[in-house]
Amino acid sequence: MLITRRATFSASHYYWNPDWSPEQNLAVFGKCANRAGHGHNYTLEVTVSGSVDPVTGFLVDLKWLKDLIEHEVLDVYDHRHLNLEVPEFAHTIPTTENISIAIWNRLVPAIASASTARLTTVRIYETPEIFAEFSGGQA
Amino acid sequence: MLITRRATFSASHYYWNPDWSPEQNLAVFGKCANRAGHGHNYTLEVTVSGSVDPVTGFLVDLKWLKDLIEHEVLDVYDHRHLNLEVPEFAHTIPTTENISIAIWNRLVPAIASASTARLTTVRIYETPEIFAEFSGGQA
Amino acid sequence: MLITRRATFSASHYYWNPDWSPEQNLAVFGKCANRAGHGHNYTLEVTVSGSVDPVTGFLVDLKWLKDLIEHEVLDVYDHRHLNLEVPEFAHTIPTTENISIAIWNRLVPAIASASTARLTTVRIYETPEIFAEFSGGQA
Amino acid sequence: MLITRRATFSASHYYWNPDWSPEQNLAVFGKCANRAGHGHNYTLEVTVSGSVDPVTGFLVDLKWLKDLIEHEVLDVYDHRHLNLEVPEFAHTIPTTENISIAIWNRLVPAIASASTARLTTVRIYETPEIFAEFSGGQA
Amino acid sequence: MLITRRATFSASHYYWNPDWSPEQNLAVFGKCANRAGHGHNYTLEVTVSGSVDPVTGFLVDLKWLKDLIEHEVLDVYDHRHLNLEVPEFAHTIPTTENISIAIWNRLVPAIASASTARLTTVRIYETPEIFAEFSGGQA
Amino acid sequence: MLITRRATFSASHYYWNPDWSPEQNLAVFGKCANRAGHGHNYTLEVTVSGSVDPVTGFLVDLKWLKDLIEHEVLDVYDHRHLNLEVPEFAHTIPTTENISIAIWNRLVPAIASASTARLTTVRIYETPEIFAEFSGGQA
């Protein structure tokens, strides 16, 4: 059994490898290399697995999961510039892939410490056309 | 190979454990504990697996699957109060998780008796922000 | 200039005219006449018109409009049975049309007392397939 | 007869009135006042009116309209920081309302100079929950 | 008061002016000029206006409107090749604009003969990115 | 780690088994057997798996994947009649299932020859209500 909660946040980012020349950054990252930044409405889907409690009918309390996503992710990412204001992206490019890993790393301990449910998948949509999905293990 | 058919139904429900006091129900279930009921437009996705018939190009006849979902699920759930009118929720709280299990239990024998395809997943959206997914086995 | 804010709520309702026999209710209202109730995820769009304040760039403060919709509508409608718990539907059938009028009547004085913006339209979706739109005047 | 073409772009912005103290900006604009910027996937709907050419069946050539939106708007706004890189927002706060006016002002002369169709409405979604609509005249 | 009902149909079409050379058709209509045809999932929104019947709470019976759209439009358009099988497009190019006019012409008498409601707008989406809207009068 | 890119195309098709009588085709395929053809806006989701390059933060360059989908699939399928113009459907019925296999077969070598990423899943929506998913192996 899996249950998923969706959330959204709006953030800025850019793609830039400081070991490269501006020309190389532009060649690889195109318009995403613009250092003034651009942004997205990200949609996040957090999926947890576990067994259904026969007393409540819940795998997890979705109000608890919503609050946890809010505290662990949205309070840090929403209305922020990911490169400049979110610590895990100080030296890591905030691509869709890396954002899914970073959110996974934030949620795993928070869920493990407070629930018998297990984080199964973090899916993040940068736009409706692009999404990454991380399920742990080697990235 | 998997093929999925989506359907929608509108129903009422509430969350209430009769072994608990009203205060405890309110504490755990919040506004979902309102006994007057509230409702949702549920979206159901039924996924079956199997092999493609080289004569028809079909894994299953989707018109048949649509009718089966209609008879087995929508005729019983649509425009109904799940707690009060649907037998499997007489003593089971109709959470998103439990609805996915109940629909699974309705569809498995109906599909097995009439097709070589195998039910793989039942996904049910309570709102666009919340969905449960059951693939059989222990719930 | 128009600006619109969307909100959602989940509620139960049924269609029933107490002056009619059960047979007549069933004939006119079909499965919506089920007195156990059924429900929907309603989507509400509130559109206001006015001029843009050159100091803020706002027609209205959307945070204020969000809070107003929450207090005036969602706190009363969300997770409620419209017929049984919302006063304006005690003797009025909560059809999509009548819900749009009732929300209009709730919002007009609240907006007029606190803003120079003018409520222009209330659009309410019962499902993605059905929506009513009220812009004041004779209903 | 109206015909509408939708387009999307991703951009950063912040809300800041330079005549105000930081405290006042924070009080009015909340988290949108963050000078590092945040961003959105904007959806733009451009509606033109006119009569249908009996020879082509077109009110306008939608390929032409798509290219025009691309040249006049997307090339300037997409993957840009609106406050820092788009001239019309150097001294105007890029609220949803002001973006709709700015796009209107870009499109009116471009359409008028090349078509008998008339720009009727610019609708811009900042998120699926918020959209502004400008139809000319006094803003 | 307006109420809208949405419906969908899938159809083929191509754009071709028989008075033109193939080269001219290709120059004006691009890949839409392919005579083998291509197709779309069209979404139709039919909006009617009128007053709310205080006895039913209905502007129109939406079940009736759904059936009417089905009989007048879907039975003729769905799973059809518009140019080859729908009479009004034998000599008229089935552009989005012309489809909205043709549906309007089908619905106006059907609604007028059976209801006090008035057809207000026919909106047709060819894709989520393109829609035409006809409200009567000169096209 | 998985990353998915969505694309859309519009095409015509019909379902017809030339070994059957017209009556049998009609009995099995219903209105899809109409030889004039009908069409859809297909939505394609291409999912690839692999590891994230620490230098770019990319599993694959999504611009490259977009171009590859365009060259390998859209250039051949978009605004085409699948039965009449796409070689793999000359003798294979273009059902949703078979389209997912055909796109898989087009993409596997193209991705393998140019990337260390592995094609994981091809999902194709014929309408929002129906989608097939192929992950390789025996169809």
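The letters A, B, C, D, E and F name the chains in turn, as written, and every chain counts its residues from 1.
Here, a residue touches a chain if its C-beta (ideal position, glycine included) is under 8 Å from a C-beta of that chain, and two chains touch if they have at least 3 such contacts.
Everything quoted here is computed from the prediction, not taken from an experiment.
Asker: Give me the chains shared as neighbours by chain B and chain F.
Answerer: Where chain B and chain F share a partner, that partner set is A.
Asker: Please identify which chain has its centre, taken as the mean of its CA atoms, farthest from the centre of chain A.
Answerer: It is E.
Asker: What's the chain with its C-alpha centre farthest out from chain F?
Answerer: C
Asker: Between chain B and chain E, what distance separates the C-alpha centroids? Give it in angstrom.
Answerer: Computed value for the inter-centroid distance: 34 Å.
Asker: Distance between chain C and chain D based on Cα centroids, please, to the nearest Å.
Answerer: 29
Asker: Which positions in chain F touch two or more other chains at once?
Answerer: Counting only residues that touch two or more other chains, chain F contributes none.
Asker: Who touches whom among the chains?
Answerer: The list of touching pairs comes to A-B, A-D, A-F, B-C, B-F, C-D, C-E, D-E, E-F.
Asker: What part of chain F is in contact with chain E in the complex they form?
Answerer: Interface residues on chain F, with respect to chain E: 8, 10-13, 31-32, 34, 36-41, 78-81, 84-85, 127.
Asker: Where on chain A does chain B make contact in their complex?
Answerer: Chain A residues touching chain B: 1-7, 47, 51-52, 55-59, 61-63.
Asker: For chain F, which residues count as touching chain B in their complex?
Answerer: 15, 17, 19, 28-30, 92-98, 100-101, 128-134, 138-139
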